[in-house]
Each structure stands twice: as C-alpha cells, then as structure tokens.
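Next, two complexes with subunit A in common: one pairs it with subunit B, the other with subunit C.
Let's look at the complex of A and B:
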C-alpha cells in the first residue's frame, strides 16, 4: 500500500495531504471560509452555527487539505485540544468587527499556544482578520497588535484581512499556508 | 498488517470466532490508529469492529478510556469510505452512553443526514438522536422534521423511529412533529407507514380521546401496510381493555373486520387480540376461532404453530369454543413439527371429553421422549388442569405423571411435575394417598435438593393425617441416612411432625430422632435436639406451637428486628411479638406487567413477592422521627382510593396500625399543571374516643409528583372500641404557577378539598396468619376466652358468597383450604386464623348451613384475651 502511494506521490499524480485545524470564536466565520473553498456542487447555502466539529476537504494547486472546522461556542472550545496532535497547521479566524471580544480571542489563542501538543511542534498559524467589509472593522495591523501576535516567536504566522462572503483575501492566506506546509511535509 | 495476519492464523486454529481472544487494553491501544494520517480505512474498520465487539460482549469501558477512543474515532469522519463511516455511526451509538462530550459529532452528523449520500443519511439520523439531549434537540428539530417527510424510505423510517426514542426524554419537543408524522402515515412504503403510525400513537397515547379518534380515522381510511394494521389492532384492543367496552363498540367491529383482511399477519393479529380480550363470550370468539381453524390446515408451519398455540390459550377459558376445531387438531397430532403436535394434543386434552382422555394420553406418551423440556412442561400443565376438571380420572393422570417423574429431565421439568402433583393432592383428597406414594418414590432418587426438601415438607404436613402414617416414616428416614445436609434437616423436621401428631408413632419417632443427634451437620443436630426435647414434654400446646405450626413472622422483618436488637444491647430478652408477621399468601400475588401495544404480544406475568410490602412501609415510617416511639408496625392495610381517579387531586390512603396508634398515610398527587400546593395535610374528624395527635404536612406538591402526608391518631383506651369512621378534608395553600416552567407565584391562598371517609375496621387490627395444622392450634389456644354466637345471614345467597364476606370482614387467613366450598353441599365449616394487635392469637371457626330461609352461621372465636374475642365477634354484626 505504502509503496504504491509513494510512487504516485513521486510521479506527482497524487497530491500531498495536510490536516488543518480551523478555530476561532463563535460567529467569526470559520464555516463560511471553509465553504468558500469547496467546489461549487458541495457548497452550502445557509450556514448554521456548528455544534462540535465538521470535517471538510478541499484542494489547492499543490496540496489537498482536510480541514477540521471546530465549533467556536464557549462550551465546545475545550474540545479543540483533542485535535491538536494530528494537525499540520492552524487557521485562526478573528472577527475584526467585534472589538469587544478580541481579548477573548486572545485568551483562546494563548491557551492554544501553551498547549504541550502545539508547543512541541513547528506548525504554521494563519490568521484571518475576517469581516473586513464591515464598517467598524479594525485593520489587520491593528488586529495583530490587539492579539499581540508579535510575541509569537517559535511559530511561523501570517495575518491577512479577509471577507469570507465575497472571498477577498482568502486565497492569499491559503497560498501562504500552502507554501509553509509544503516545507513541513517535505521535511517529514 | 501484522495484526491482521496473526488474527487470521488464530481463526484457522480456533475455528469460528476471530475475536475470541480480544483484550480490552490492546484493542483500545489499537484504536490509536484512528489518529494516523492518512487514514487506512481497512485497518481502522477492523479495529473499530473489535471495539464494537467488546462493547457488545458486555466489556466495561471506563469513561476516560471511552472518551479517548471516541475522540480518536471522530477523526475517521475525514475518510469517505462507506463501510468505515457506517461503522463509525455504530460506534457513536454504542459509545454515546459511556463517553463524555459526545456532542462533538453533532454537526458532522447533521451534515451527513442532510447530505447527498443516501446510504449515510439514515444511520446518521439514528446516531444523532442517540447523542442528542433535551437542550440540543431544538437545534436539530428543523432537520428532523424534514427527514420525517423525506422521499427516501430509509431516511424517513430512521427519523420516525429515532423520534420515538427521543420522545421518551423530551416528549414536549416531539409533540410538535405531529403534522410531519401525519404526512408520513400516507406514505406508500409499508415500513414508513408503520413507523409513522407508531410515532403518532406514542405522541398521543396519554390522551385517550385522541387515540380513539386516531383508531377511528385510520380504520376507515385503508392503510397499505399490514404492520400498521397490526399496530392499530393492538391499540384498539388496549383501548377496549381500558374502557371495558363490549362487543358493540366500533373498536371491536374494526378488529372483527380485520379478520377478513387479505394479509395473514393481520388476520392472525386480529384473532389473537380477540382471544386475549378479558370479557368475551364464546359466541363473540367464534369468528376468531374459525379463522384460526383455517390456519390449522395451512401449508406454512409458522401459521399452524401460531394458530394451535393461540387455540391452546383459548381452551383455558372457553373450551367449548375450541371444540369446533377438534377435527383439525386431531390431524395436527401427527404433524411433522413436534411443537405443533404437542400443542395440538394439550389443546385437545383441555377440550376433549372424559372418554377421549385415555386415548390422547396414550398418543402423547408415544413421543414424550422426542420433545424438549419446554413442551413437556406444557404437557404437564395440561394434565394438571385436566385432573382438576375430571377428578375421577386422577389415577390415570397420576400414573402418567409418575412415569414422567421417572424419566430423564431437567430441573424445570421435574419442578413442574412436582408442582402439578402437589396441586392435585391439595385439590382432590382422593388423590392424596397415590400422590404421596409417587412423591415418596421420587425422593428415593432425586438429585434436586430443592424439590426433595419441598416434598419432605409436604409429607410432614399431610402424611400424619393419612390413615396409615407409619408407611411414610421409612422413606423419610432413608433421607436422613442417604442425603446431604439440607435434605437431612428437612427430613428431621418431617419426622418430628409425625411424632407430634400421631401418638402411637411418638416413641418410634423419638428413637429415630435420637439417632440424628450425632449428625455431622450443625443444623441437623440442632433441629433433632430441639425436637427430641419438645416431644418428650408430651404437651399438645407445645407441639402445636413449635412443631406443627412453625414461625409466622416475616423473615425480612425478623432479620431487621434482630439486627436492631444486637445494635442496642438491653437487659430485656428479645420479644418475638415485636416482629412483623408474614402477610399471607405470599405465592398468590402476581402483578401483571403493563402491556404496551407494539412491544410484546403475550402478556408477561412477572412474579413479585409482595411479602416485603409491609417491610417497605415499616422502613419508611421508621425514618420519620415523629413516629419513632410508636412501637413496631403491626399491619399496613391495602391502599384505598379517597377520590375518583379523574379529579383535580388524587388521594390514596394506607392505614398503618401500631400497638396504640394508627398512622394514616395519604399519598396525594396534584393533577393540575398550573398549580403548586404547599403545606398540604389531611384533617380528620375522628369519631368517639379517637384523638388526632399530630399532622405531618407535605411541604410541596408539584404537578404530577406524588407526595405523602401523615396523620397520627391515638386509639381509645377502651380495648373493645376499635372501629370508627373518619371524615377527611385535604387542606393546603394553593399557588398558581406557569404550566411550562413550574415557577409558582409569590402569593398563595388557603383552600380545602373534601375527601371520602376513611374507616378503621376490625380487619385493620388483625394480621393474617397461616396455620398449617388448624386443629392443633385450636387445642393450643383452648376454650378459656371463647365466644360463641349464632347468626342468620339473610342477605347472602350462596355459601361461597358468605365465605368471601366473612373472610373480608374478619381480615383473617382461611386455613385447611376451607375457603373453597365443595360443590353441591349445604353445610360448610370455615377456619380462620390471625393475630390480633398486641400479639394475641385469634382463631375462628364458623359453621355455615344453608336452608330455605337463608344461611345460618355458628361462629366460635377463641383467643388469648377476652376483649379480643369480643371485638372479633362484633366484626360480623
């Protein structure tokens, strides 16, 4: 089995697979972002609050992603950690129009970074400062200040402003993540 | 791979079960492969199967372990492999009860249930409903409604059945799905229709009117599904049973109409329903029986079996109705299938005339060896009922039974035979000698100690009163020499009874008992010593009290009383009179399990020993500090309803009699969902001499939650004044509340509710006691405080009626089977035994004679106290 897979990969027929964990507070737009990447026939037209988690698959040019779209509601955030171990990358979605709760998002991020499973791995973290289209949204720079992202030293991270409904900024972010993950997966 | 190969090897060696040697820890270790990326579906499926196998084998998995495995399993959602996914659904269902945070898969399952893959949708719904609790149900409600009316049959059925399961916990939510269920009933798939009807009924089952409408509606509109019809028949027959409706009700018409349905399953269900109805006449049964008769000649063995089994049941109640089928049943005797043949013969035995009995017995004995124990028991029971029906045939039957006793057979089978023989002996005095002889022969070579002790006990009771008691001694003494300790002890007791009852055997019995003094077993030795010393006293009273009529206390009560005594050391010796008495009869109490339509067909009778009822009350009362110093509970009456069952508040009363007090226990239920009652108590207006000491109110009565309030009453000092009538009023504070939340208003007002009167009767002061040897007890108590009187009972028409009334009035236990009046006799003697409050033995002999003018009764009461005799005498007048 392994032999055949290896051969296929070597020939470039089969794409490399990466697991990413999509986290963030409730109503920040995680499911909508994932929905954007799905092919047209699988797209969901009404997005409802996720309970627990959902698994979605999507592909970019060189990688195929398995995204664990976690629920952001308070009572389920404890369950994120069950999925830290297998992930190759994290997508952290921030609602940039919700200034009040950015501190809560920061707390959750700190908890994530402190978790031993995350600490011992070199995993890239992609931040989406989502809902850029809203009038009272803060800029991505301001967002990274509020989240004190500059303090993250041992992980590769990137923040980009996005609008999940129109898809603005999403492809740019995923492109960055793809590049990062390729490095990680090749090293493995 | 390696694991797989090893398993394969084991399979070859072990032959059969590849999962034979699974160990929990290794399997859970293996479950970690679920975490690997990329997922290997084959390997994971194999491991998951192992996990499922373990859970289904009853292996206990701890919460932490289960949660870990569960979360690993959730990662399998990334694989699209169909087999693996369906195994995951199963895994979720199995682990939903043991793992924590199972709610995590909710969204994933919702996605699958609304997805495009039909294969996933049904199982996803089932899994989702198993992890959903009340709080989460709101969020999936919309999807469930959609799924119920889905085009795909499997999805719709899954949603309907899951809703049925959900409604156990959250009835309120599923109630709202009525319209969808309604729509699904008109679905043209047979299974969906059946499930939809099931859900519809379940939602409405507490509303009798709605159920009646439901049946009326669907019995007119023709359903396609035979299963739905069967369910409808079950619902209808339950309604008939609840309402006690007769054959003129539309429900009955509907069931009768179903006998002409084209599907066999519906026809059988209808026939079965009619047969099981409580009050049907033979005439009403006729159409059902004729349908079953047709089935008897069906080429399908299942139908033949079903028909003959049901006919067998009918034969118990209406043998005449089945006579019409006798010819068809005769044909079935030679059926290939032995089960059908056995049932056919036993049915014929019940319906046939006395003359055909011999022939049938011969027929059945020809293949007794070929049928299983289970059916042999059916045969035994048939013979027993036959014997009771034709007492003159007892010699044939007894011979047959003894033949069966000699054959090979399991414990259940032997037990059934012994039970039958004992019943026959008790019912038919003529059969006694023969029966005892057969049983004696049986215990000579009996491997079941339980049966041997039982027979020895019977011999001890019945043997001494036969014309030649001496012939049993040899059989009993053989047991002392040959058997194990338990049987030896029973044999010693039986010997002592012979000695106590028959004076001419006394000396020989003492000699035999003396030999047992050197037995190796403590129990046997103790019993022998005790009996030898008692017998040597040669006093009738002692013999009666300690040998012939043993202990009459409740065993559980005695254990508790002794335990209490050892906890609180005191100078006083232990008083036997403080121990609650065993309420008789223990074996007769059977509670009928509530039958749900759609669950099981046969009404299951569950045996429940009711003896502990009083012990339960005693324990409850002992826990209330106010009642701690009342002394030992003497008797608890059966509950009496003080209200109609459909009123605002339902109250039942149980009277607990103590040496000087009566505690009235009122079990109240509030049936109004917009009210909360607080501080509820029942006020009593006592009659002369009685004095209300204390009320113990129930602090709060919420909707549909029963609560208990107590009222303590002191009895008059005058010993003969024990009866009285109490008028009761329920007093309480009402607070209105929101029916949905149950939150009461701040303000309440006082109110009262008049209940029916409670009566304290003589029967409340008397506990039933079984005296196996009434004559001995009668002599033991002696004529010192005897009261005798003659009454004429003009209102009673028959002896049976008089006997039942007297027993009820006195609240005492009939002895020597004197509660059964032999047919065609004009005179009868009833023996009653009991213990009066305070521990006085009380015996009643009532001689009844029937004449043109009515029934005359001579009542003789003996007890150990003058006032007791007077009180008992007053019970009749």
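Let's look at the complex of A and C:
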C-alpha cells in the first residue's frame, strides 16, 4: 500500500477497497444481486447466464467493492479457486427454491472451505438464501441447516434470506459484510 | 487408504461419487423404468421428471410431473400405462416437447401438461367364428352355456380371442354370464391390441429437438412407426413374437435400427428396408429383463443373473454374473465427461454400475430399485432417479468431478501381478552359451539326433535279446502262455522265496515244466534248486516255495534269477530277476 493511499485513507478521502468473490450454482441469482448494487447508469436490465466470470465494481457508504461474479455452471466452477487468493470476502448465493440442488451447493461449499487458500485465511462468508419470494423456497434457517453451516467454525459467516429482484435482504447482508471487511482491512 | 475404505464401507450413504439429493421412502410411486422420463417440457432449462404411476394397477393410475422435488401436475390415466416418452411433434416455438403415454391400445398425447390427443392403434380382424357366435347371441338363438363351451374350445385351440370373449370366459356364475351377454351383445365386436413398449425415433433430422416418430410395439406382434404430425401409421413391421423392450436409433427417413427383445427370449433387429425378421438374431439363454444400447453394443440384463453384451451384429462379447437377480437396467450417459456405463439394479438392494464388463461402482439403497432413469433433471446434468419396490423415490446426483476407476472393484488380477520382478542381468556364461547355440545350431541338432537314434537302437536290441532269452516274466512263446511272479520274504539270513506261476491260456494246460534258479553259490544257499512243476490248469495260481540262506555277513546282496524251463528245451520259457534284500546279521546274544 503506497504512502499516498495510506495518507488519503487516513484523511478519509479514499474509500477502502475490498475484493469479494461471488459464487454459487448457476441460476442462483448472483448476477442479479450484483446488478442491484450497481448505480443506475450501469445497471443491466437483461441478465443472461454468465460465462466464465465478470468483474463488477460498486460502492457502499464506507467500502468500494470489486466483485468477481463467477459463473456457476458446472464446467466453470473450477475457475473459482483461481480467485481465492485475492479475495477479502466471499458471497455465496444459494437458490433456496432449488431443493434438489442444495446438496450440490453444499458440495461446492465444502470444496471451497477445504481449499488451502481459503483455509489459511480469515475471510468472512456471506450467504444469501436467495429467491425467498418463490413458493417452493425454504427458510434461511432450513437452508443453513441443509448446508450444515453450523459446522463452519473458523470463519465468520452470516446468512440472509433475499430477493434479488426486489432487493429485499440484500442491504442487510452487505452491511454485515462491510462491517466484517472493515475489520479485516484495518488489521491488515 | 484403509480409513477411507472403512468410511465408505460403514456408512452406506456417504459415497464419494454421488450426492444424495432427495429421498422419500413413502412417495407411493409404483412404476418401472419404461414409465419414467426426464424432459424440458416447458423449455425453460429446468428439466422435469415425468412418471406414469401405475397406482394399485386398477385405480389411481396417474401421469405425474415433478419440478425439482415438487409435484407440479397430475393427470389421471384410465388404463395401466406401459410406457412414457417425450418427443417434439411440431416446430412451434417455444420448443416444448409433448408427452406420450402408452396405455392399452391407446397413445395419449399431452402438450403443455394438458391432454391433447388420443391415438388408437388400428383394429385387428376378429375371428370369423367368434364374430358369428356373438351375432347368434344377438339374435338370441344361442344359450350362454353353449357360447361358453364354443369359446372355451376356440381358446383351447389357441385362437386369439377378443377381450370381450376372454372376460366372458372368466365368469363362473350363470346369471353373471347372462347379464354380461345382455349388456354387450348389441355393441359390435372389436378386437384391439395392447401396447407393450414405446420408443421414439427422429424423423429426418438429427438435432436434439428434431421432430420424432413414435415407435410402438404391440401384443399383436407388430412394431408400428407413427407419424408425429398427422398421427398416421408410417410403417408396420411384423415380428415373430411379442416385443417387450425396444432400443431405437437413427432417423426414419434416412437409416435406422430398432432392436427389440421379445417374449421368446430372442432379440431381433429391424433396419430400414428389412423384410425378413424371422431370422433370429440373438438367442438368449434366459429371458431378458432389460435392454440397452451404448453406441453399437447391446446390453441385456437376463433373468439368470447375468448381464450380457453383444455387438450390433449379434456376436456375444462377454457375460458377467451379478450377485442377485436383476430388476432393471439403465444407461448412465454423463455427457460432460463423455462417460457411458450401464446401471444394473439388483434384488439385493444394490445398483451396480458397469463400465463395459468392469464393475466400477455400487450404490446401496434401502429398498429394491425397480425403476431408474439417468439424465438431466432440474438444472443438473447427472441426476439418477430411482423408484423402489416399496413406492419410494430416490434422487442422486453424480458429483461434478467424479472419476470412475475403470477397473473392476472385485476380482481381476491382483496388484502384485503388475509389480516388476527384480530379474538379474544376463551373465557372461549365459551370453556365451547363447552365442554358441546360435552358431552351432545345426551341428548340435545333428548330434542330438544321432544320439537319439543310437539310444533307440540300443533299446530295440535289448528288447530283442530279452525276447530271445525269454528274460521277461511273461512268456512270449504262444504255445506256453505263462506268467511268473516271485517274491522274497524274511529279514535274513534265511529268506523264503515264493514263485507264483499262472497259466494264462484259456484252455490249454501246461505240462513238463520245472523251475530252477541261477545264483552265486558263494553268497546263497538254496534249499531246493530244482522244483518240478505239476500240470498247470489254465487260470489258476500255483505257488512254489524254497528257503534261501545268505552265507555272507558282510551285508552284501545279489540278484537271483528264476527260470521256468520246459523239458527238452535249452532256453527258458520265462525268467524272473529278483534282487535279494540285504540280510540282517545274526545277533549273537
């Protein structure tokens, strides 16, 4: 971190920057969630399935985010690990209405948690139990039980039910993540 | 290694290959493989599970469609379903396939989850006599008992009857028969076949969503090809026997192949333009319970607990014995990895996965699996749908990074066989020897041949000499057929020698014989050196004895010869050579 950056930050001119990795199965709503945080002029109105990954930037009151929106399609999931090293936090999006694939999401989460780059780091993980508006959706409590989140002991985590289309629940989640990241970034 | 093994062994659920997506042991789904299919019927990328539920077999037959694990639609089916397929019947957008359910002589078509069309198979001609009988019934000129007797007779002769007649024959009570006849006699007699199996075949394009024909196998020993747009029969192919399982590939307008396994335990192949289906193409030694095809190989699960594999030409490639009877088989085609194998459900609550003839995985379930379908379900590529005998539904998902060890889990050569042995280098001696053999091969061969001939010559000479001198214990003289056997008893210094003589001729007695001995008189003393032999009756065994005393206490022994002589001949008839045992020295007390 350069001297000027430090100075600027000390003076409160420049916002802190955080890299977050947005992962989850395909169709879980990752792109829609990130789209929600983008300013009006950059908003995408027609969301198509992500190929590979996309880098998006957005700001909240105290943090500026660089989000790596990863594709959740099976053949791209091996890409995720390439970004574990750089990320300060993870957003894991779950389609809470796709009960059939919660096991698949859990399997991918287990692989993520087992990865050495993730294991040696103190990164917060934010879960969105997305699509809570759908009739078949399970509650965030049930979702965290199915994902066995209580077994995550060495990472800070938080789960929010969300609706990426209306934005319900998203701000609460990002607020939690911001608080966590401020801690991490300050200690750095 | 061992820890991992015990883990997978003890908990039947934790597989390193499959994720347990869903399990409902009381889903009350009663169905079988042919009645389960997966398709994107709403063209939204979320593939649905379509099941024709047999219910109790009489009631509650339903076409059920699942979105994920939720039942999204149910349609009642009137009769027992025998097969369910999905196919594209038009070019309309969005590309939603239709569902076809085979039941009795009908195909019910559903579009957008609503009944759309019912197709009835062509009627079969009613037997003239049978028709006549019912006509007489109509005119009330026939008694129900006579009708019954006549129909009974026809059935006994093997005449295929209409469903009405068969139902009539089941009635026992006279009043019931009258009521039944009254009820139906005025409606025209019809004969309809029953669909036994159902498949699809692309019509003229190979694309995933190209228009497909329906392929229908029937109880009337026919295979029909149905046009999807006009619902007309495009082709009728007779078979020698009722088909039960179909495997269809190709395109109707181009080239196709229908493989049908039939009730006689034979598998027939129909190609575009084939006329002679009579020629049985594979004859199984047991009834098939499932037929699948991967590329050009045909996999058949049989009732004798075997999975058999054939080429498209009908040549058997291999047979594997499975540990229990097979309930159903299904192909696992995992496209993202290009992995194809055959799932075999067994009556011991296991599903075995065979990659060619190698068992690569075993799935344990809590009930016997009777129906299976592998394919895309929801948004997941590798989903395995299993229904159980108890009416349960199990859904497993193949792990994304799964690797199947393409070697047998059981049997096969032990690992040690592949370990290289530490073989020492060739020595100089070995190399020299090899060189010498290479250079002098001809000479060595000749020497060997010469020695071999010399050996044979010597053997022949000795044999001739033995014959000459009658030095063998069986007489070679045809006029005196005798057999001699001598044995020595005792531990010495006195031995007893017994000479057994037998006349081996059938009728001719031997006379004028005598026995004498040849021995070293410094070593042995014979009590009798000359034994006259009485007349020998054919077949009887005569024993002659003498005592021999060993004169030496040096522990030496020698051979003793026994001669059987004929008076007036100087060559013995037979000779026996006995090697005497070493005499024990007298213990002086």
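One rule holds for everything that comes next: the second predicted complex is superposed on the first by the 187 of 188 C-alpha atoms of A that agree within 3 Å, B and C clash if a C-alpha of one lies under 4 Å from a C-alpha of the other, contacts with A are read in each partner's own complex, and residues count from 1 in each chain.
One rule holds in what follows: a contact is a pair of C-beta atoms (placed from the backbone, for glycine too) under 8 Å apart; a residue touches a chain by one contact, two chains touch by 3 or more.
None of these values were measured; they are calculated from a predicted model.
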Ask   = Which chain, subunit B or subunit C, is in touch with more residues of subunit A?
value = B
Ask   = Is A:51 touching the first partner subunit B, the second partner subunit C, both, or neither of them?
value = first
Ask   = Which holds for A:59: it touches subunit B only (first), subunit C only (second), both, or neither?
value = neither
Ask   = If you stack the two complexes on chain A, which partner ends up touching A:17: first (subunit B), second (subunit C), both, or neither?
value = first
Inquiry  = Quick check on the superposed pair: does A:100 touch subunit B, subunit C, both, or neither? Answer first, second, both or neither.
reply    = second
Query = Does the superposition put A:122 against subunit B (first), subunit C (second), both, or neither?
reply = neither
Request  = May I ask you to decide whether A:76 touches subunit B, subunit C, both, or neither, giving the answer as first, second, both or neither?
outcome  = first
Message = Looking at A:43 after the superposition, I want to know if it touches subunit B, subunit C, both of them or none. Which is it: first, second, both, neither?
response = neither
Inquiry  = On the A-aligned overlay, A:85 touches which partner chain: subunit B = first, subunit C = second, or both, or neither?
reply    = first
Remark   = Footprint intersection on subunit A (subunit B / subunit C) at none
Key: In the complex with subunit B, residue positions of subunit A that touch it   = 1, 17, 19, 48-55, 57, 66, 68, 71, 76, 78-79, 82-83, 85-86
Request  = Over in the complex, which subunit C residues touch subunit A? Could you list them?
outcome  = 19-22, 45, 68-70, 336, 377-381, 383, 395, 397, 399-400
Key: Touching residues on subunit A, where the partner in the complex is subunit C   = 25-27, 74-75, 77, 97-101, 103-104, 107-108, 136
Touching residues on subunit B, where the partner in the complex is subunit A = 35-38, 40, 71, 74-75, 77-78, 101, 103-108, 110-111, 136, 139
